[in-house]
Amino acid sequence: MKIVVIGGGSSYTPELVGGILEHHRSFPVSQICLVDVTDGAAKQEAVAGFCRRMIRKAGLEGKISLTATLDRRAALPGAAFVISQFRAGGMAAREKDELLPLPHGIVGQETTGPGGFAAALRHIPAALELAADMERLCPEAFLINFTNPSGIVTEALQRRSRVKCIGLCNIPLTMQRVLAAILNVAPERLELAFTGLNHLSFVTRVLLDGRDVTAEILSAPETALFWIGDFPEIGLEEARHLLRALGALPSPYLLYYYFPRQTFAAAKRRAEEGKNRAREVMAIEEELFQLYRDPQVDEKPALLSRRGGAFYSEAAVSLMRALCGGGPARQVLNVQNGSAIPDLPPEAVIETNCLIEGGAIRPFSPGPLPAAFRGLVQQVKAYEQLTVEAAVKGDKGAAYLALLNHPLVGGADRVRALLDNILRENAPWLPQFG
Amino acid sequence: MKIVVIGGGSSYTPELVGGILEHHRSFPVSQICLVDVTDGAAKQEAVAGFCRRMIRKAGLEGKISLTATLDRRAALPGAAFVISQFRAGGMAAREKDELLPLPHGIVGQETTGPGGFAAALRHIPAALELAADMERLCPEAFLINFTNPSGIVTEALQRRSRVKCIGLCNIPLTMQRVLAAILNVAPERLELAFTGLNHLSFVTRVLLDGRDVTAEILSAPETALFWIGDFPEIGLEEARHLLRALGALPSPYLLYYYFPRQTFAAAKRRAEEGKNRAREVMAIEEELFQLYRDPQVDEKPALLSRRGGAFYSEAAVSLMRALCGGGPARQVLNVQNGSAIPDLPPEAVIETNCLIEGGAIRPFSPGPLPAAFRGLVQQVKAYEQLTVEAAVKGDKGAAYLALLNHPLVGGADRVRALLDNILRENAPWLPQFG
Amino acid sequence: MKIVVIGGGSSYTPELVGGILEHHRSFPVSQICLVDVTDGAAKQEAVAGFCRRMIRKAGLEGKISLTATLDRRAALPGAAFVISQFRAGGMAAREKDELLPLPHGIVGQETTGPGGFAAALRHIPAALELAADMERLCPEAFLINFTNPSGIVTEALQRRSRVKCIGLCNIPLTMQRVLAAILNVAPERLELAFTGLNHLSFVTRVLLDGRDVTAEILSAPETALFWIGDFPEIGLEEARHLLRALGALPSPYLLYYYFPRQTFAAAKRRAEEGKNRAREVMAIEEELFQLYRDPQVDEKPALLSRRGGAFYSEAAVSLMRALCGGGPARQVLNVQNGSAIPDLPPEAVIETNCLIEGGAIRPFSPGPLPAAFRGLVQQVKAYEQLTVEAAVKGDKGAAYLALLNHPLVGGADRVRALLDNILRENAPWLPQFG
Amino acid sequence: MKIVVIGGGSSYTPELVGGILEHHRSFPVSQICLVDVTDGAAKQEAVAGFCRRMIRKAGLEGKISLTATLDRRAALPGAAFVISQFRAGGMAAREKDELLPLPHGIVGQETTGPGGFAAALRHIPAALELAADMERLCPEAFLINFTNPSGIVTEALQRRSRVKCIGLCNIPLTMQRVLAAILNVAPERLELAFTGLNHLSFVTRVLLDGRDVTAEILSAPETALFWIGDFPEIGLEEARHLLRALGALPSPYLLYYYFPRQTFAAAKRRAEEGKNRAREVMAIEEELFQLYRDPQVDEKPALLSRRGGAFYSEAAVSLMRALCGGGPARQVLNVQNGSAIPDLPPEAVIETNCLIEGGAIRPFSPGPLPAAFRGLVQQVKAYEQLTVEAAVKGDKGAAYLALLNHPLVGGADRVRALLDNILRENAPWLPQFG
């Protein structure tokens, strides 16, 4: 059982390796191969060394081999799973995604809005190159995509390659944990129904031991409190009212859509204070890599939990284990719609509850989107599909239309300058627009 | 927890009560109320007496009360589940269903073809009357429908009443057992994917411990042997070739469609020998009721297994237990299509795998029907919907079109005489055509 | 041939009557019955008197009788067509629709945004009452709806009554005239393909004598100039770029969506100058009614053309004549979607090209919405359907969700205050929220 | 304006050329290029010579040039229209299509049932080769397909090439003429609504001067008389009852489906008498070619009308003229479904009323198929799509499934022998199964 990790030098990798070690008995991986680009070579070396110490500490030294390479094509043959978690342009590019839109009057965010759009333009061509290699070198392997914006990148992969690709995100697991904490129960006792898109999903039903507690959850003040998170600009009462009216709990990324002025104000304030999430992460990563390089350290640092992406390894390992057989498993995944949500195109990638069984994935039928948020999901999916088209073809017209259709851009008059800015600032990673 | 059984005098009832007793610990029923019509009063008394002895023997005398009545409206209030298993006109009407089509050159069968059509005309108005009573007297109860043709009756109920209705059939469980026997494994290790309609379903995938063994099953000679059952007229080689070409295992009822001349010949031969299934069942029932009436007998007679309807109680009890809460359960049910099978109308009732959780039922998304049998399923669904229309409105034009559309009728020139014959022979149970 | 006009006291009525007189030969109306509410009695009398003079002048005195009444139920029997053009609350309510949203930071407009929402809440219950009367008194009559927001009111009528209802708007005819002027050709030589919703439609193709001139039209500077109309705040270059990128010419109402900040600024500026469209119309109407009351005047005043609603009578008379038989006719209408636009729900009312023939209306199949504006149309349709639900049921939750989903509201935090304001200011016309 | 005719040696060609000459003023063709295979060279020479005389007689000698060649690739460049009317294997192959199924107990027919299936296997690969040449040599040309089975061949072309392809059939025009004769009115006064597939279409509405006369037509005894045509085995009363029940007039090809035993008996009887349609046509053609070769003859022989395919040239010329521009035109065509008939797959080719305008074709929205014949149309479409798959890939499994799904085959036990027989007898034209 061989796993190839694209973007092996990520500070997340030890989290993933930790998950693999923890479940080794039920999911016996024998080979982990880290792959990164030249720029990431040093980081990958540090990560690889640390991960080998983790393996040794777990007493699995003979059982799991871990290698690191810059040659993707050498790594792929024999892979059962390829995990894509690369980030073109690194944290510096992410920082641009977060800051660039602000002077245009639009929020900056890694996956949502123009920031996510820029990331999609950078990541889709690279993801398709990876998939083309997989088609030749390991056509039976599953591609598990964490590369953001995960839903859009997964849709590009689904439509433009024959590789078996699944999009994954840690948000559904995080929401389950948070709701469990609010209800003060073990997370396993909760079953959440999700519908929508990646970073645009809604929990439409919460079962506790099979009993429907959705209404209870939606009116609990803690739920609204969790939901608004670190946006003090958003009124708690407004949030509570909204949750009850929606009849569903939206992913926290929906705050950008429901409270555009407040989230923009917060982003602007933070930027003016010299803060942004990219920079915070860079600071954390610096510390993390120091620990990774320390030959004494052989345990996942507590600090890693502040890096974001909690439960990321759990999501990945659960999925891979389920795809390898064994009993049926349920998980929230990004998969092709088919007729699961009849309000969205069949080829659209959606985020919803799936059954994994016999090496195959079947989405449940969430059915029509509730009128309460149907239009928003359709509008964002239209943006996503235009973005895929723009990214694949390097089509400026499609790129213009994609931004025009994004609900957060707020006016056709902003689009041209914004697009020019994005293309200029990301030029090194956008050969398709060359 | 109160269960009302409509058609309580059926010889099946002890099977159902046996299932309830067996699972009493996890599914604590406290009240079983049998309901039948005046003509069935004597049989119901016999059944009730026998079932009470079963309850006593199980040591549950104080815990489960069993009553029998002819007054449906008195029985319904307080019901959590209503099980419909009545048969208008009894076995005599079934015998007509099996014999009447033969002189017209068409096979006679209880649920398929003109026989099933006649049964639908008789049963739909009665089922809708029951549902109307439930809407008033126990609107929260689930109606579990076994009354045949189960898929058509369930569609009529779904479309014409607000009662929560689920159609159930024992065929999916039977197929699982047979395939388990062929593979020589425990049935629980198999997971079968069903798509299609009641008595027109196809197993498109068989998993053994999560491993796909569909191709293996389809080429095993035992599978074809089981499938053709007691139709020696059908060539084994033809059947094997067909199964492999379809890439799916059809329900044995599909034999009528794929081998119309052989199944007709068999039906005709049996009729000429004075045999038919209705008459066999009547003979078995006579023996059964003798046993039921014997105050010494307090155990389910072995003979009951020859009555047909194996696993019927297992299907019913599993479903009711799952609907009452507890963990999620999976079962093959007859439910409204929505967008689960996009080739069929949203309001159509289909037979497919469902997840039961939190008191609600969600079908999986079997997705588009394979081209190999899509057209047949669509054609039969068109027949079914015309039948519902004819039965509800007493519309002779719709009845003509229904028979015209049935693939086994074989020509417009046969329809009028056939329809006249059906309406005449079933007149006492067809007030809507009066 | 009897035509009943609901809202007979409207200053538009002479326009309609003029159209009827002009086409009397091919469409021989014999009776026109004006109906209005008590508040409109005086205006209706003035209009009726003037229209009788028009009839006399046209030499049709014996052939067309024109009556005016306040008793709708007396007027309906025998009607072949009922034209709905009423406005609950009159121009004063319209002024509120235009001004109320401004302090909330949102544009005010008669049909678009919160203003149109308020009008829908007022008009839908009244329209449904009219339809209920028609179902009893003239069930075969067509209801031609001009009452705004015409698409939403028509959808409510389609879904909540059995009356044959068609929504009509003068915008498609206006756009045809304007494009003809730009191309310097006779309007009849142009054929425009429309898709979308009322006041949210797009011209996707322009044929001149059967030759496709869409690209030519979209890049002509005059087209952008016409399109931006009296919004000097909108940059001409931006508009031209947008038109070319969309590949379609949007209705001028789309300016509100594509240039929300500029159109809001314009509305605010005008309000601060004490101007708004309602007030302008009131001034024009005052003059118009003076003319209508003048017994010397028997010709449609030139001033009427400044009232808005050009080609309104042409649209209505063409439609009625086509529905009465004769050859096939083509017109842009608001009709039920069915499968014409597969991205929208089947029950949605859409605005698209239709064929009228044999007394029936068939929409052409515009097919899937272009990705360039699919999401926006879907989002606005979701708003519209929530608005219908809110208006019909007096459901505050649905009303909240409707405003939340409107792209121009711009944030959940604004919804509650805005909704309270609308409900309070329109209370006399909103008994359903009582 | 250049037209290329593939299968130029057909006896039909003069009919087509006659149509072109008749409409030369409104549709000024300048070049007609006949193309045939070596086997057809002699016939094509005869046809070409005759057609040149027709041109001379029409006084258009200098204006229209007519050439004949065996080199398709030389002929295609510059073509505006390519008309495909070839028949692989000629009349001898057609005779086989008509006779081969009979010993299997199945009717033999040129386009319906196993005969049409065999023709599809022969014609699809050849049609795709033609389309591949067109993609290179005249990518802007329209391909007008008459090659039978026209609907299936057109679907293969639509799905497997980028050529703009339209399927055409003379049946809709024939039905219009016949109904006009029954009503004793000029055909132009009738407007017929068609839905369904080629040779499986239904007239759902007949308008006479815009007035609905469908019910009248359906109950007229002449309609049933026309419909049953030369099948005396079919009872007139049964046919009349069927037409009224269907509420639509089916194409005469539906007789094979609604009266399978009678049409089979008729085919068998004729075969036993040594008659079949192929042989009749061969006899007619022999006479025709004698006339074509006669240098004195320069007028379309009356005999041609007995050849079948009446109105074929009218359909083709109308379509080509409409596609060249000018005003809008309406015609019944075989086009891609999209969402026009929501019960059929979007990629399916359907036969329905279309609007031709601006060089583009838009089907009207016939909407859902009536339940009365929905299932049959769906079943036959499933057969058609399996046939396309089999023909394109040379896939015996798909071929087996195609025949299994054809309603006229009547049993899985017949399929293998039938398929082997078809593949053996047509081997020279089925390289894809080699």
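Quick notes on this one:
Note that the chains are named A, B, C and D in the order they appear, and that numbering of residues resets to 1 at the start of each chain.
We adopt the following convention: contacts are C-beta pairs under 8 Å (C-beta built on N, C-alpha and C of every residue); 3 or more make two chains touch, one makes a residue touch a chain.
Given the structure is predicted, the values throughout are model-derived calculations rather than measurements.
Any chain bridging chain B and chain C, meaning touching each of them, is among A, D; the list is complete. On a Cα centroid basis, the chain most remote from chain B in this structure is C.
If you average the CA atoms of chain C and of chain D, the two centres end up 46 Å from each other. Annotation: 45 Å between the Cα-based centres of chain B and chain D.
Spacing of chain A relative to chain D, judged by their CA centroids, is 54 angstrom. Chain contact topology: the protein chains form a single closed ring, every chain touching exactly two others. Applying the touch criterion to all chain pairs gives A-B, A-C, B-D, C-D.
Here chain C touches chain D in the complex through residues 191, 205, 207, 209-212, 325-328, 330, 338-342, 355, 357-359, 362-365, 367-368, going by the rule given at the top.
Interface residues of chain C facing chain A in the complex, by the touch rule stated above, are 234-235, 238-239, 241-242, 245-246, 258-262, 343, 345, 371-376, 378-383, 385-386, 389, 397, 400-401, 404-405, 407, 410-413, 416.
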